[in-house]
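Quick one: the structure is below, and I'll ask about it shortly.
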Amino acid sequence: MKKLINAPEDVLVESLKGVALAHPELSVDLENHVITRATPKAQGKVAIVSGGGSGHEPLHGGFVGTGMLDAAVAGEVFTSPTPDRVQVATKAVDRGAGVLHIVKNYTGDVLNFEMAAELASMEGIEVGSITVDDDVAVQDSLYTAGRRGVGLTVLLEKIVGAAAEEGRDLAAVVELAKKVNGQGRSMGMALTSCTVPAAGKPTFDLPDDQMEIGIGIHGEPGRHREPLAPASDIARQLVEPILADIDAAGPAIVMLNGMGATPLIELYLMYGEVAAILEKSGVQIARNLVGNYITSLDMAGCSVTVLKADDELLRLWDAPVNTPGLRWGA
Amino acid sequence: MKKLINAPEDVLVESLKGVALAHPELSVDLENHVITRATPKAQGKVAIVSGGGSGHEPLHGGFVGTGMLDAAVAGEVFTSPTPDRVQVATKAVDRGAGVLHIVKNYTGDVLNFEMAAELASMEGIEVGSITVDDDVAVQDSLYTAGRRGVGLTVLLEKIVGAAAEEGRDLAAVVELAKKVNGQGRSMGMALTSCTVPAAGKPTFDLPDDQMEIGIGIHGEPGRHREPLAPASDIARQLVEPILADIDAAGPAIVMLNGMGATPLIELYLMYGEVAAILEKSGVQIARNLVGNYITSLDMAGCSVTVLKADDELLRLWDAPVNTPGLRWGA
Amino acid sequence: MAAIDTAVLGDWVSRFGTAVTEKRDWLTELDSAIGDADHGANMARGMSAVAEKLSAGTPATVDDLLKTVGMTLVSSVGGASGPLYGTFFLRMGMAAGPVTELDGPGLAAALRAGLDGIVARGKAEAGDKTMFDAMAPGVDALDAALGDGASLADAVRAAAEAAATGRDATMPLVARKGRASYLGERSAGHLDPGAASTAILFDTLAAAVAGSAG
Amino acid sequence: MAAIDTAVLGDWVSRFGTAVTEKRDWLTELDSAIGDADHGANMARGMSAVAEKLSAGTPATVDDLLKTVGMTLVSSVGGASGPLYGTFFLRMGMAAGPVTELDGPGLAAALRAGLDGIVARGKAEAGDKTMFDAMAPGVDALDAALGDGASLADAVRAAAEAAATGRDATMPLVARKGRASYLGERSAGHLDPGAASTAILFDTLAAAVAGSAG
């Protein structure tokens, strides 16, 4: 395992220490692994908390700041945080107007955030919750854990964060979150596995001439393994299942996301391929993000997220945001 | 070779196509591989052109925009661009006040930009030039090619870009560039080699338990190979040679840069280690950058840059910048 | 021996902690194949927090002991297994109440309550390829053995064997819950990591009961 | 044969292009060891641009031909080798002037001018481990052979041999110029890629002259 770390068990806290030193505009609770804004938002506004296992940076800690999250709770690598810590974050940021929990749809995240919401309501804090489930690699069904939450989480945190900043109430913010979740879908692929520090070796073996299609963001192997293909072919394999799942014709926000170890030169190349296919299919890319926004440690690969957008979503997208990971208008 | 590409020979142009689609605020000349601002700066202001081999993204194309570069010229991967293309960029952005060429100190870049400056002066464009040479891994000497230009280039482009935006004249901008270059130093290391698409395999072999200290940004092997060490030890090996080369006590701008394949969780951890050593040595980190800013394709590893700063540099650093790779205040 | 006291339950918890720590790499290996490579680390972290919590001394009542274990797991593990195992111990403790020992039926009822808690949280059904598939056969076997008049020691041994069989039976299943479900058909051919740790849970229970009898 | 015309020079350029393209992987391999793994790609790209440029027909005069080659290299290669080889051909052409053929001394003077151009741009000295270390011995050997009364064909063959010897002699050197200099002591033990392409340059010159004589 080749990583810039000391002991595997210290990775999370030591990385959070670096975040604290690098970002005086954030407050980092090293005991509870909670990142909040150093300057809280105004009283009476809905607060937004997200969190989950670590290893997806900049998600979620890198999206704490004006116009996006109020707090992020960082679990161990790929392990959702515990309810008591989510509750610490929830209490810390509540400004009297309730708190939205943004949860990625994994059994662990869902259960821990559920328990946290129970704790919060016991303390009289109103909690709303959205479970993001945008990954078309996974079939949705009443009898399974359902689709995973992946790339759309980034877009949702931005848009919902802007709405909360505007002063919408909790019900309206939850409503908006549901709308975004309903209109966005993602699909990812990997060229290599990632290596969980505590495990010390790659989660799966992938021969030099193979790739995984339909991976998640935790080093889970994908739905199927295929011979390595040109970027244009990979783009097709990512975009087609998305367009088969939602009617995305019209304006959209599109993210071409890197999984952590793929350099920007390749991500832009992939974006070119993806954009070409989307435009041919009637998707009109109104806004885009290209880069590493929701990663899977040191996995090489990428994912595509398409969010059907209307004027409201575009306006909220364009609203000022000031976080380590996304910043404009501020 | 596992990359999100089509044919190796098309990587550069196809990646530039993606940049063009992703960034309507930029103009991309796909024939000459030149990226400029879609809206040029005001007449009478000094323009800034940089460039070099590709494979270091976001450098340089990702730093084109208000407050930073006017144009970037992208050579083939790790190969400096040709003089005629540098000249195309120079002519395109000259607003009558002269053009600064920011050149990283590599024989190829120096020679091609030198010839480009000759072409420009033949066409009556005043060109100033700064050769960035900040890499303390390489010994400076009159009889060698001298130190390489690495991480400091990012900081210099930001600061000098802000000065040009303010309306300083070419002589003053060159003067400032020299000052920055004199006060900044960098040092890098690699956990893995990168793979040049046209070469198809890693530039060097690095066993699983070894690392390279003192690498550049072109997959050049470093000055020495060592057993893999904990992050705290690596931090020491990067910071000490910098502090041995310049007296950096007092305020500084510090960058902890990823080489392309190292995820943010590790970069923040390294930043924590580096910051601790620097603070202990009397360096007071006034501003910082943590992330992938000047990369070496898919190399895993990092570099540290320390720029001794005064009020002038900090003010220029804080000035608004609006580029794909760096953005604040805009 | 017809009943077990808090010392035996404490011994169970401690043996479980030792065993998941010893088998940590194996559990993580199983989770690498169809999950996210952390089940061993999760269980070891949780049970070492439990050991630390109990190092001051075993609580005097069964419910205090089991609820402490449950709360500690909930607040130290995270992931799916944290709330699930945490709820298991919490519900076990709530079912047992403020007693100082459990007889066979009492133990069986507490375990059944723990199992129900896991189902209430995670909605797993038989054959979903989860810890349920080791735990339900274990609890059923305990009920059956006690019903057949077996001694407590023999009954928990039978439960441990049934849990192990249940664990092994997860091998061919296609997962429908948890992370492994994302793999679809590819999840078949691997043991479920949570079923594996549950088999350890029952095995260490049998060992603790046997140890106290010896 | 005491002189070579533009057809022979055109043949040289075309042979050089073919040879660097054939040896592209080897040149890149050499550049991987002590540089940035692109010398093969650079030379192949440049010489294929030259071939394309000349496909319309060989210019009528020596200076036109060589300057076209030089300008094309400058504007298609980049890196260190682009301006260096480009300057080499540009200066060769300028020294030759608008003639239609070069005799031995004319060729030697043109090559010397090219070499001087490389030095003017790159400031390399003997032993710096660059293309200079193959080129200077080649040009010196040509002068010496012609001075000894050798035929043009024999003289360029001697030059090619000297360039190859010069290339081989770069092996133990510690680089002081170009990218390889960053490696310090670690650059010793490897051939310099630019010296390797320069040896090919002289070898194909000898082949072109021999071909025209045959």
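Assorted remarks:
When the chains are written out, they are named A, B, C and D in that same order, and each has its own residue count from 1.
The working rule: a contact is a pair of C-beta atoms (placed from the backbone, for glycine too) under 8 Å apart; a residue touches a chain by one contact, two chains touch by 3 or more.
Bear in mind that the values here come from a model prediction, so they are computed numbers and not experimental data.
Counted as hops between touching chains, the shortest connection from chain B to chain D is 1.
In terms of their C-alpha centroids, the spacing between chain B and chain C amounts to 55 Å. Mean C-alpha positions place chain A and chain C at a centre distance of 32 Å. Separation between the centroids of chain C and chain D, computed from CA atoms only, is 76 Å. Listed for chain A are residues 77, each touching two or more other chains. Of all residues in chain D, none touches 2 or more other chains. Under the touch rule stated earlier, the contacting chain pairs are A-B, A-C, B-D.
Put simply, chain B touches chain D in their complex at residues 53, 75-85, 106-108, 111-112, 114-115, 137-139, 143-145, 148, 196, 198-199, 203-204, 216, 218-221, 223-224. Chain C makes touch with chain A in their complex at residues 28, 32-38, 41-42, 45, 74-84, 121-122, 176-179, 181-184, 186. Those residues of chain A that touch chain B in the shared complex are 2-7, 11, 14-19, 21-22, 54-55, 57-58, 62, 77, 191-192, 208, 211, 228, 230-232, 234, 260-273, 275, 285, 288, 290, 292, 295, 297-298, 300-302, 327-330.
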